[in-house]
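Below you'll find the structures, each written out as C-alpha cells.
What follows is a pair of complexes built around chain A, which joins chain B in one and chain C in the other.
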Partner chain A sequence: MDATIISPVAAASFELFRQLAVDGVVLGTVYALLGVSFTVIYSTTGIFHFAHGVAYVVAAYVAILAADTLGLPWIAAAVVGIAAAAAIGILVEVGAYRPMRRAGATALGVFITALGISIAVPNLIQILFGPNNKTFVELSPATIELGTVTFTTLDIARVVISWVLIAAVLFALRRTKWGLATAAVRMNRNMAAAVGIDPDRVHVLVFGVGSTLMGIAGILFLLNGNATPTMAASPMLIAFIAAFLGGIGSIGGAAVGGLALGLVTSLSGLWVASDYQPVIAFAALFVLLVIRPQGMFGRRAA
Partner chain B sequence: MDYYADIAVQILFLIMLGASLNLLMGYAGELSMAHATFYGVGAYTAGLLTLPVATEAIAAASSRGVAGGAGWDIGPALLVAIGVSFVVALLLALPALSRVRGEYLVLLTLAFQTVANQLMGSADSVTGGAYGLTPIPPAELFGLSLGMPTQAFWLLLPCTVIVVAVCFGIGESPFGRLLKGLREQELAVKAVGKDTVVPKLVVFGLAAGIAGFAGALNASYYQFIAPGTYDLNLSILVIAIVIIGGVSNLTGTIIGAILLGSLRPILQEVAGDNAIAWQAVIYGLLLVLIIRFRPFGLVPEGTSMLRLFRRGGLEPAVAGASSGVKSVTAVAPSIPELPPTPGASTAAAPPRTDAVVLSEPVVVTDPSPVLEVRNLSKRFRGLQAVDDVSFDLERGKITSLIGPNGAGKTTIFNLLTHVITPDTGTVTLNGEDISGLSPHRIAKRGMARSFQDGRLFERLTAVENVMLAVPGNSGENLALLATRPMHCRARDHEARELALEALGFVGMRAQAGTVVADLSFGDQKLVAIARLLATECDVLLLDEPTSGVDPGAVEGVIEVVRGLRDAGKTVCLVEHSVHMVGQLADRGIFLDQGRKLAEGTLEELMGQKHLTEIYFGA
Partner chain C sequence: MFKQFTTRGTEGAQGLRRTIVAGGLAFACASGLAACGGDSGGSGGSSGGSEVKAAAASDPAVKALNDVFGPGGKEAGEGVTINNGMLLAMTGQGAYFGRVMSQGAKLAASQVKAAGGPDFKISIGDHEDGAIQAGVAATRRMISQDKITTLQTSYGAVSEAIIPQIQQAKVLTFQGGGPSPGQVEKDFLWNNRMLFGDAPAPGALTWLAKEHPDAKRLAIVGTSENATNAIKTLVPSVWPKVQDGGTIATTQIHDVGVTDFGSVIAKIKASKADAIWNASFGNDPGYFVKAVRQAGIDIPIILSEFTSDACKVDPKAMSSVHAAADYFDPNSENPLARSFTEAYRAAYKSDPDFYAANYYEQILIVWELVKRVIAEGGDPQDGAALQAALIKDPKFPSLYGGDRSTPGEIVFDPTLHTVTKPMNVLEISGDCVPSPVADITAVGPDADPKTALVSASR
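Presenting the complex of A and B:
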C-alpha cells in the first residue's frame, strides 16, 4: 500500500470519487498481477509460497545492479532483473521445496522452509546493498488530464502491461500443451504422473511463470519507486489477500480479487485517512472470510 | 553487568513468547504469524494504563503523541493486558479456526500482524505513533525495580518460570492431549465425539494472553514502547525459536530462545550495524536447514528431561498384562458406564442401552431398529455415489454392507456421520433425527465410526489414542482444569483405566505405552477398534477392519468384532472379505453403484446368482 499511489483525502465529492476510481483501477491492476502471480503457483502445486516476495525484491536489485555496474539501458536491465526473479523462484522450488517433498514433509514443513527463505533473503540484500533507498531509472511520464481526473502515461503502461500478461497466462493455461499439463497436475498429481506428465517439471514451469510475473511487478513498481530490502513485504501480503479474496486456486478470481481490493482500498479514501487505508485490505479479507469463506469465485470444498 | 543482565532479560521475554507460541504451534499444530502483535497489544494496554495521568506540565513537555495515561498500578494493568490480548485473539481467530483450511489462520494472522503494526505507528492519539509511549513507570516488587536490568532479571525469572510451568501443565494435561489429537487427525477427533473448534480457539486466545502478559512486563521494563519492537520479524523469530528448539517441547523452546537470543549481542560485536540483518539471515537459514534435516527440532517431542517429572508415566499400569493373548474372551474385562458428567452435554443425549458389560453376552430385547436410514442420496459431480438407499440397523446385530468397489459403502458411512452432507435423506438414531448434526454431535448421540486407513493419532501412544475417545474427560475442558484440578486428575485416571480396558478387549494392553506409528498396521487397526469402543457409542460403524491386516491376525479381529456384538453393540461393517462377512454378519445389505439391490442373510444374498455375478464378476 504505497501512499504515493493513493491520493490524499479532500472533501468527498464526485470529482474525488472519479479520481479515486481511476487510481483504484491502477492500484487494483498491480494487485491483480500480484494475486495472479501467487495463484499460478499455489493453484497447481498447493504450496503456500510465502517466499514469493523474494522474486520481487531480487528482480529490483538485480535490475539496479545490471544498470549500475554493466551500464545496461534500463529496459535491458529490467529484463535481466525479471530473468533473475524467474531463476530465484525456480531455485527455491528445486533447491528447497522439492527436497522437502521428497522427504515427505507436511504442508507446514514446506511453509516453514518458505518462511526461512523469506526472512533470510531480504536481510542478505540489506547486508550486501545497505538499508537505504536505491533508484533504478528517472522516468518522467506525461500527465494526462481528462476533466478533473489526472493520471500518467506510466499508469496506462502499467495497466496495459499487467492485463496483457494476465490474459496471456489465462490463455496459455487453457490452450497450450503445457497449460493442460499444469491443469492435469492440479487436478490429480499422481494420475498426471501416471499418464507421463512429470509433476516436477510442471512445478518448475509454474514457479518460473509465477516468479516472472512477480519480478515484472517489482520492476513496474521500480519505475517510479525506490528499492529497499523490505520492499516486497507489502506486495507479498497483497498477493496473498488478492488470491484468497478471489477464491483459492482460481487465477481469474485472483485477478478480479486484486482489482476489487485496489478499488475498495482507493475508494475508502472518501471516508478514511490514508494512514488507515491498510486496515481496509484487512477488513475486506476478514469480512469475506466470515461471509464467504471459499472466496468470491471459489468452490466450496466437499 | 547491566549489559549482560539486559541480554538475559531479553532471553526471558523470548522464552515466554516461545513457550506460549509452542502451545499453539507444537501442541495444536496451528501457526500464528501475529504473536508479536499480541505481545504489543499487551505492551500498549499496560503502557496506557500505567502511564501517569496527564498534567499540564507533562502535556507541555510532550510535543507529540500521548501525554498521559490512566495512572494504574502494574498489577491490574497486567490482568487487563492479558484479557485484552485474549479477547482480540479470539475475535481474530473465530472466522479462521472454524474453517477447515490451515492457510486461513496463517493469512489472517499475517494480515493482522502487518496492519496492526502499521496502526501502532500511525494512530498517534492512541499509541503515540512512531514516537511511542514514554515514560512508563517501571513496576516495583519486594524492593526490586523492573527498571533496573539486574533487579529486573530477578523479578522476571519467576514470571518466566510460572509461564513455562503453566504452558507445560496445559500441554501435558488432557486438554493438551486433545490439542495433539487435533494436530494429528482433526477428523478423527470429531469422529470420537469431541468438539474441535472451541479447543483451538481457547488455545489461540491463551497463547495470545500469555504473550500479552509478557508484553505488559516488557513495557514496564523498557519504560518505553514503540511499534518497531512488535513487527513481523519478531513474530518470525519466535516461530524460529519454537521450530529450532523442537515443537511441543518446552525444553527445546528454552534452548532455542537462549541460542537465538544470545546471537544478536554476539553479532553486535562482529557485524556492528548489520547485526540485526545477520541475525535474521542466520535464523532464516537455520529454519530451512532444521526443518529439512531435523524436522522435530533440536529436542524432539518426548525426549525432554522434564519427562522424568511426568506424573504417573505411561507404563506401570501395563506391566502385568503382557500375555499378548489375542483371544479376546480370555482378557475381556468389563467397561463400566461412566457416571454422568457434570455440566457436559450428555444431559441432552438420549439414554443409551443399559450398562454395557462386555464380559457377558447381552440379551437385547428391544426390537425397534436402532438406526433408520431413509432415502439417502449423494451426487459427486457426474457420479451418483449413493442413490436413494434405505435400511435399518437392528439392535445388537452385525450388519454388513457388501458390494464391489465403488458401490458407495464408505460414502454411506461418511453420510451417516455427516462427514459429507447428503443431498437427500434422513438418518434416525434411537428415534431421534440426527441428519443435520455435526460429526462430533452424532458421536455424542451414540454412533461412531472407524476409518479404512485408521486415522490414529500417530505420534501419541496407543493408550493416549484411546483415552481421547473416552467421553466426559473433564480435563479436556480448560476451565474445569483450572478450577477443579483434582477432579480432572481423577477423571483422567478413570479415562486411562477405561482406555486400558478397551485395549485389553482387543488384546493390545501390552502395547498401551507404544507410540502408534511404531505399531504394525494390524495392531493399529485393533487400536482403532479400541478407540471406537471407548466412545461408549452403541452403534459402531467399522470401515474394513481387516483390510491390510495379515491373514494370521484376521481371526483376532473377527473375535473382537463378535465380542462387540456380544457386548450389546450394534455393528455395521464395510468389508470386502466374504469370509469375514460370512463369519460375522447377521445380515447383509448388497449395494452396487450406489443402489441397494438386496438385503438378507448372507446365504440368501449369495444364493442369488445375479448378486454373486456382480460381486465376483460374471
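Presenting the complex of A and C:
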C-alpha cells in the first residue's frame, strides 16, 4: 500500500476530522480575507489586478523597516506597513491603470502591466533587502487544547480580525455613501459619472480598501512567519481562486468561497496525501466553473 | 451626497505621465537586475548576486591558497580563462541558496586569480527555484552563448533534467547543493555534497533510537524534490532495524515552499507518532518545526538539513530539534577553512554555511584540475580533459576535515561520482548556531545501521 495514502481507519478518525476542520476554518478565514480584498477591486473596476500581491509583500517589508529602523513598537509598525500597502495599491491605480484607461488600453494591456508590476516589485525588494528571511516580531502565541484539537491564540486573532474586517467591508458597501457610490460605479460607470460621482475617486477608494485588506493579510502572516520577496505568490493565487469560487464580483461570495476553499483543502487531507492538497484547490475551482461558470454566488451574464 | 466623488479636472496629467515613465523605467531596471538569468559577466567578472571585491596577492586567504595549491604562474593556469556557469535559484523561495552559493564561488574566483591561477569568468543562470524549463533554458544559454567549460548546479530535479545537455557539450559539472540518487553515476556530473536525505538517514535514525529508546512510532515528513528514495524506501527499512519495535506511523510528503503544515501536523497527531524524521529543505524545516511545536507536539525531531535562514523562522522552536547533515564548521582549525571563513565574513558580513563552502570549494577543485591538465600538456578549457584528470586522481584539498596544520581531503568515487564528507548530528542553540553532538561515521543507503554509524555522543 502506498504509505502516502492514509489508511481507511485513520480516515475515519473523528479526531483527525476535528483537527482538520479547525485548521480548515483558520485557513479558510485567511483565504476569505484574500478573496474579499481582490473582489473589492475587481467587482468595481473590472480590472484584473494581478499586481494585488505587491500590497501583501510591501506591507510586510515596510512594517519590518519601521520596526527595525524607526524602532516603532510592532503594532505601530504594522499600522505603517498596512498604510504602505494601501498607498502602493492606490499608486498602481493612479500611476498605471488610470493613464492606461484614459489612453484606451485594452484589458490585456492592463493585465500585462499588472503582471510586470507583480514581477518587478518582489525583484526590487530582493535587490534592496536580499533574499533572506526577515523577521518582524517573535510572538509566542499560546497553544490551546480542546480535547485532542489544538490551535493557537494567534489563530483565534486571525479569525476574529478577518471576519470583523469582512463584515465591515460588507456593511460599508451597503450602508454608507461611499459604498453606494461604489455600487453605482460598479453598475454603470457612465451613469454614475452623470449623477456627479467621480469614478476615478471610487477607483482610488476600492484600490485603497482592497490593498489595505491585502496588507492586513500580509501582516497577519508575518506575525507567525517571515518575510521573503516572493511571499505573496501563493496568497495572490488563493485570492483569485477564492474570488472565482465565490462568484466573481460578489464580495460575500468571495468570503464564502475562501472559507469553502480552506475547508475543502484541509479536509481533503482525510483522503489524500498532503502534497496533493494544493491540487484540490484548483480541482474544486475547475469542477465548480464547469458546473456553475458564474461561481457560487455570482450572477450569470445576460 | 456624493460630494467626495465629484469630478476633478485633468490638471497634472503631464506630470503624471512623467511619473509613470520614471516608474516604468525603475520597474524595468528592477526586473532586469534581479532576474540575473539573462546576462553574462565580463572577463574576470560575474553576473547576478552580490559582487565581491577583487582579492590581492597579499591577502591572507590568497596566501593560504598558494600554501595549499602551490604558487601561481603559467603552470597554475595564469592567463587561462575558464568560463564557469552556475545554475542557481536566484529568484523565488530558494533565492537565499542562490545568493550564498554564488557568493562562495565568486570569492574563490577572485582569490584564485589573485593567487596566480586561471581567470574564472562566472555566468549565472536562474532556474527560478527549481523550475525545470527555466533551468534547461538557462543551461542552454550558458553553453551556447557563454561557452562554459564548467558548471556548478543546484537542486535535484532541475539538475537531473540538464544531464543530457552537459553530457553532449562535455561540460564538467559539480553539484554542491542537492544531490539525489538520479544524479549518481552520470558522466560529467560530480556530486560534491552527500546525497540529501539518503546519506545522513541511517546515522540520524541510529542516533534517534539511541537517544530516545521509547520512541517507537516514527513519522516521516519531507518533499519529493530530492529525498524520494529516503522517504519511501530507506527510512522505512532502516528504522525497524535500529529501533526495537520501531514502526512507521505515517509518511507525509508536502510541496516545496509551503508555510502551512496544518494537515501534515493533524495527521502526525492522529498517527500517535513518537518521533519525526524530516527531509524538507529551504525554509520548510523552519515552518514545519514551528507549526509542530505550536500544535503542542513535543516529540523529538531530527532534520536532514540545517541553515541559519530557516532557523530564523522560529529560533526557539528550532533549538528543540536536531539535524543530521553535512556541516561546515566556521570555527574549523583547518587552514583552508579558516582563511575561507575569514574572507567570507569580511566580504559578506556573515558566517558561511555549507552551501557557500561547497561552491567555494568547487572552484578550487576546478583550479586543481586546470593545473593537472596543463601539466599533462592538455587543454584546460576542455571539459572532457578536466574530467579525465579528475578520474585519474579524485583526491582534492578540502575545507572539510583536516586539522590546525593540514587541510582536509575529499575523495570522489570515480564510479558513482559521489563524495564522502564528514556528517554530524547537530544540536541547535537558541541563536541558531549548530554544534555537533555526534559524528556519523558511515553513510548512505548501503551503510549498516547496526554497526558504528554514530560515534558516542560528545
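Assume the second predicted complex is superposed on the first by the 290 of 302 C-alpha atoms of A that agree within 3 Å, B and C clash if a C-alpha of one lies under 4 Å from a C-alpha of the other, contacts with A are read in each partner's own complex, and residues count from 1 in each chain.
Following the convention adopted for this analysis, a residue touches a chain if its C-beta (ideal position, glycine included) is under 8 Å from a C-beta of that chain, and two chains touch if they have at least 3 such contacts.
Everything numeric in this text was worked out from a predicted model, so none of it was measured.
Once both complexes are superposed via chain A, do chain B and chain C end up clashing or fitting?
In the arrangement built by aligning on chain A, the partners chain C and chain B clash.
What is the contact status of A:126 with respect to chain B (first) and chain C (second): first, second, both, or neither?
Touch partners of A:126: chain B and chain C.
If you tally the residues of chain A touched by each partner, is the higher count for chain B or for chain C?
C
Going by the contact rule set out at the top, does A:23 touch chain B (first), chain C (second), both, or neither?
second
Scan A:117 for contacts with chain B and chain C and give back first, second, both or neither.
Both partners.
Considering only the touch criterion stated at the top, classify A:250 as touching first (chain B), second (chain C), both, or neither.
neither
Quick check for you: in the superposed arrangement, does A:162 touch first (chain B), second (chain C), both or neither?
Neither partner.
Is A:212 touching anything from chain B or chain C once the two structures are fitted on A? First, second, both or neither.
A:212 sits against neither chain B nor chain C.
Of the partners chain B and chain C, which touch A:96 in the superposed model: first, second, both, neither?
A:96: touches chain B and chain C.
By the touch definition at the top of the document, which applies to A:275: first (chain B), second (chain C), both, or neither?
both
For chain B, sort through 79-87, 223-231, 241-249 or 547-555 and name the stretch that clashes with chain C after the overlay.
With chain A aligned, chain B clashes with chain C through residues 223-231.
Does any part of chain A touch chain B in one structure and chain C in the other, and if so which residues?
Of chain A, residues 96, 99, 116-117, 119-121, 123-124, 126-127, 131, 229, 234, 275, 278 contact chain B in one complex and chain C in the other.
Along chain A, where are the residues that touch chain C in the complex?
For this pair, the touching residues of chain A are 3-4, 6, 10, 13, 15-16, 19-20, 23-24, 26-27, 94-96, 99, 102, 116-117, 119-124, 126-127, 130-133, 135, 138, 140-141, 143, 145, 148, 150, 152, 177-178, 181, 193, 195-202, 221, 224-226, 228-230, 234, 265-266, 268-269, 273-275, 277-278.
For chain C, which residues are in contact with chain A within the complex?
Interface residues on the chain C side: 1-2, 4-8, 13, 16-17, 19-20, 23, 26-28, 30-31, 33-35, 91-93, 95-96, 98-99, 220, 223-224, 232, 236, 248, 250-255, 257, 259-260, 262-264, 266-267, 269-271, 283, 286-287, 290, 294-296, 309-310, 312-316.
So in the complex, the part of chain A that touches chain B is made up of which residues?
Its residues touching chain B are 48, 96, 99-100, 103, 105, 107-109, 111-113, 115-121, 123-124, 126-127, 131, 229, 233-234, 237, 240-241, 244, 248, 275-276, 278-279, 281-282, 285-286, 289-290, 293, 301-302.
Which of the residues in chain B end up touching chain A in this complex?
For this pair, the touching residues of chain B are 29, 31, 95-96, 99-104, 106-108, 110-112, 114-115, 118-119, 122-123, 232-233, 236, 239-240, 243, 274, 276-278, 280-281, 283-288, 291-292, 295, 380, 420.
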